[in-house]
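What follows is chain A paired twice: with chain B in the first complex and chain C in the second.
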Partner chain A sequence: MINILLIVFTITLLYFVIANRLITYVNILAFQGVLLFGVAFFELHEINLVNLIFILLETLVIKTFAIPMFLRYVIKKNNITREAEPYLPNFASLIIVTLIIVTTFVVSNVINDPHLNKIYFVVALSTLFSGLYFITTRKKIVTHVICYVIIENGVFILSLAVGAEMPLLVNLGILLDVFVSVFLLGIFINKIGDVMQEMDISELNKLKD
Partner chain B sequence: MILIYLIGTFLISISLFFNRITAVRKALVMLFLILQWAFTYYEFTHKGITEFNYFKPDAIAILLLFTISIISVPALLHSYDYIYKEKDNRKARTIYYIAMIFLIMALSAAYVSSHIAVTWIFVEITTLSASALIFHRRNAGSIEATWKYIFVCSISIMFVFIGILFLSIALGTSNDDSLHYDSLLTLAPSLNPFWLRLAFIFIFVGYTAKLGLVPMYTAGIDAKDKAPTPAAALFSSVLMNVGFIGFFRFYEIIAHTSLHSWANHVVMIAAFLSIFVATVYVLKVKNMKRMLAYSSIEHMGLIMLGIAVGGIGYYAAILHLILHSFAKSALFFQIGHIYKVYHTKNIYYLGNYFKYNLSGALFLLLAFICVTAMPPSGLFVSEFYIFKAMFAANYVYVLIPVLILLTFIIWTFAKNFFKIVFISPVDFDETQIQKINHFETVSQYALLALVIYLGLNPPVFFDNLINEAIKNLIF
Partner chain C sequence: MLSFILVILVSFVFTGVVIRTKSIASGRKGPGIMQPMKDIYRLFRKGAVYSETTSIIFQIAPTIYFSSVVMAIMVLPFGHTRGLISFNGDFIFFAYVLALGKFFSIIAALDTGSSFEGMGASREALFSMLVEPAFFILIGSLGILTGYTSFHEIFMTFHFSTYITYAIGVLVTFVLAMICMIENSRMPVDDPKTHLELTMIHEVMILDNSGFDLGLILQTTNLKFAMYGALIANLFMGNLVWYFTIPLFFMFQFLFAITVGILESFSARFRMSHNAQFILVLSSISLLVFFVILMIMNKF
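Take a look at the complex of A and B:
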């Protein structure tokens, strides 16, 4: 079951590449939140109330509802055009992301470590690198935030891949990190929208030497 | 005490948030300074005693705590004046003070934490409070700087977290206690080298955003340029130190494994590239604040060279770190005065500073000597030891290019500083000049005096603390 969820997660990355509208991106984020909840839920060895609440909070409440709703609000408020406007054509991106997935697959087969859960590792790394790739090829500021959340999802899967139970304090710290970063960045998009006309990163190149 | 300190800071921030009276705000900030010094003194007297399982003040933590406590006094007190003359609203001022206090709190807590994840959390808090400070002016430039800072730092912090995950794979156990620095140090020889290598790369790259090295240094430059000067003084000194301590504690672990020489080479490449990049930009920039920010990168590069070559380089690196904090923060405070006189940071429009502000001009001359590491500056001593260590470790082929690059930097600094002090400015209207209170320069002189004194004649306890800080590296 976990394998199916993880494979679906990888497919969402491919879907992200060919999607054209910002709203689709946000919906993909919400769907990834549900998938992560499934993975984390099946991963639980014993039903511990604290763990369950924490996972519910992190995946369903924040990643599926709060962040996508907030991003929708940001997109609406600033009248951001609905096209995603990538620098590269979708077809080329599709090939590159596929290559990323294949490479991580090969690499993780080479590593062969008993402590490592291989399928988690492949999905986590490919999410991570695809997220970085998306950031570099998308023009809009809001897509950078979306890709940041995707990278964060990759890190979430990686922490499951390690299998080590991180102390709750650390998990709470990460939760705070995602929550605050996304909201701060979102608020800043609003501020940028107030000051500048275009919501492109081309507006953010005044500070240089 | 750490609990009292954290809760006290919280309470002070909450009262600051609801307070509307200027006198009360001043009193609250003074209260925080007293709390900060009480905390520092307590940790100094309770060296090596673990508190709440996650905090343990060791020698390097105490050194950096004293540094931040000394710098935070002028940073917070000068803020009165700095903020006062500006026509900003009460809300922005309140947020400024809360962010300052939170930044100082998070930095102090990150220094004393003894658990790799706790350090990570407090470094994360520094990003948030620092971004509130960069945003203080609320114009297009500060929005851009804040955006870049949050974004680059968030990604870097995530890199550090990935590094910690890899470290726990290298450990092979899923135990919370084993991520304490002390237990990592004892477990070091048994760590899996492959995962440890990955962990080092990720943690090092992640911390370079705070530390100000290639590859993630870019966000810090814009931040120092756009933040108010007292905040920029903190960014270019104690905020860089937090990146250093995050790196240094992990480096101590690496030093006990077979990867030591490999890690040294990685650090040396990053350090050399940082000095190179800093030189290229220092030669080019016209903005005074950015020039100083690039100079900080150069100094951090030198510190990392000291760490990489080892030997007496370790001692010199720690000394250089502390002295650089004092020298650079003093210079940033002076930039506040320069900006007050000329209302620009562009070197082209600055000049004849002797005529307008005598104490400031004398300070600039002294600061030039101090920051370019000429005797009697304490930085001369530390840089000399770093170069000596490079000689001893047979890295002459690195040393010679570094020295050539440093010559370029000194030349540029001399050119720009002497222009500000002696040559008349372009299109400057003398009639509306703002008088500088000479009393405000005293703190800057005091910081420079500390640079000279600590370098030339280090007190015994200071010397012992540095030697103790590096005891895990020399074996």
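Take a look at the complex of A and C:
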């Protein structure tokens, strides 16, 4: 069951590449939260109850509802353009993300460590690298935050792979969510979208102190 | 032999069911299920008109297109029974016989000298080219999983045992259905109802065909639908006995036709520039299937 969830998670990455609108990005994030909830639920049944409830609440409440709702609110409030506007055409991005997934498969095969849970490793690593790639090819600041959440989902999957032995590591991964909310609050409070009309990182080059 | 007869039978009503589903979805009563066949029969009784600028290629292309699809249908197995043609690696034969027909329909479109038809031909060639890796990776991975290289043996030995095989089954069905829609130039990539030559793909290629040739091309589309439906049905039939498989086959074809109709009624076509990336996603998904299968086999 976990394998199916992780495969679907990889397909959401491919869908993220060809999606055009910001709302689709946010919906993908919410869906990834549900998937992570499923993975955590099936994986972590051996740790103590309080920890388990904490992790499940975190995936379901924060990742699936709180962050996507707040993102939608920020996008609406700051009048951010609804199109994603990547630098590269989606076709090229799709090839690159597919290559990233293939490369992580090959890398995990080369490492060939008996302690390594391969499917977790592959999905986590390809999520990390695709997230980094998305950040470099998207223009808007909001998209950067969205892609940061994707990277953070990758870290979460990686921590789940060892979560049964080290629950503390999962909790550390969760702390990254707090970091994301700080980003989001920054955008929200400073109203970057309103101040600069276009929420475009090329505008940030003009900033001086 | 059984699969050949059944696919031909299903092809008579397939488009009718699709059109009926679309009519019901849009609140109309719609034509009868046999109406597309009646149209084709009417076309078959007519003669063809050929433009003076065309050569012999234009005249033989519809026949080759039709016969290539008939040839591809012969390869398909049906449960226990083999197809009329069955040998190791016949899925490659299947793909390239279809490609031959497509090649002839493309050069026939170029032969007319019309600017619109060349444009449509270029699009059709691009989409077919992008679909091909998806198909080969998919059937190739099924071949790795089962250890055989012919359709009959692959489908006979493919079992739904663990939950991961169900996931593979769903993904394979999705990719095959989408390949069918793209090869037939249907909704997500092309709209058969469109009236503007600039946005057409398949329809613009057959603008110059008339009478008997047009009837052949239309019937080929029906056959292609039934062929891909049979491929999907085969995936689930496995090695059941014939009195289960024949009703199952018709049920799958009927469900597939309804799915196509619903998909066409409730989805908008993509922008032309978005088609290529959508088709490439199919290849990426088949690559995922490939990796999952490698993982099951403990080969990686």
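Everything below uses one rule, namely that the second predicted complex is superposed on the first by the 175 of 209 C-alpha atoms of A that agree within 3 Å, B and C clash if a C-alpha of one lies under 4 Å from a C-alpha of the other, contacts with A are read in each partner's own complex, and residues count from 1 in each chain.
FYI, contacts are C-beta pairs under 8 Å (C-beta built on N, C-alpha and C of every residue); 3 or more make two chains touch, one makes a residue touch a chain.
Keep in mind the model is a prediction, meaning the values are calculated, not measured.
In the superposition on chain A, A:N3 makes contact with chain C only, while chain B stays out of contact range. Judged by the touch definition given at the top, the superposed model places A:S159 against chain B, while chain C stays out of reach. Contacts of A:L184 after superposition: chain B is touched, whereas chain C is not reached. Using the contact criterion defined above for the overlaid structures, shared-chain residue A:L94 touches chain C, although it does not reach chain B. Counting residues of chain A touched by each partner, chain B versus chain C, the larger count belongs to B.
Using the contact criterion defined above for the overlaid structures, shared-chain residue A:L207 touches chain B, although it does not reach chain C. On the side of chain C, the complex with chain A involves touching residues 163-164, 167, 171, 274, 276-278, 280-281, 283-285, 287-288, 291-292, 295, 300.
Looking at the complex, you find that chain B touches chain A at residues 117-118, 120-121, 124, 128, 131, 138-141, 143-148, 150-151, 154-155, 157-158, 161-162, 165, 168-169, 171-174, 176, 192, 194-195, 222, 225-226, 281, 284-285, 287, 290. Within the complex formed with chain C, the chain A residues making contact are 1, 3-4, 7, 10-11, 14-15, 17-18, 20, 89-91, 94-95, 97-98, 101-102, 105, 109, 118-119, 122. Residues 111, 113, 115-116, 128, 141, 144, 148, 151-152, 155, 158-159, 162-167, 169-170, 173-174, 176-177, 180-181, 184-185, 188, 191-192, 195-196, 204, 206-207, 209 of chain A are the ones that touch chain B when the two sit in their complex.
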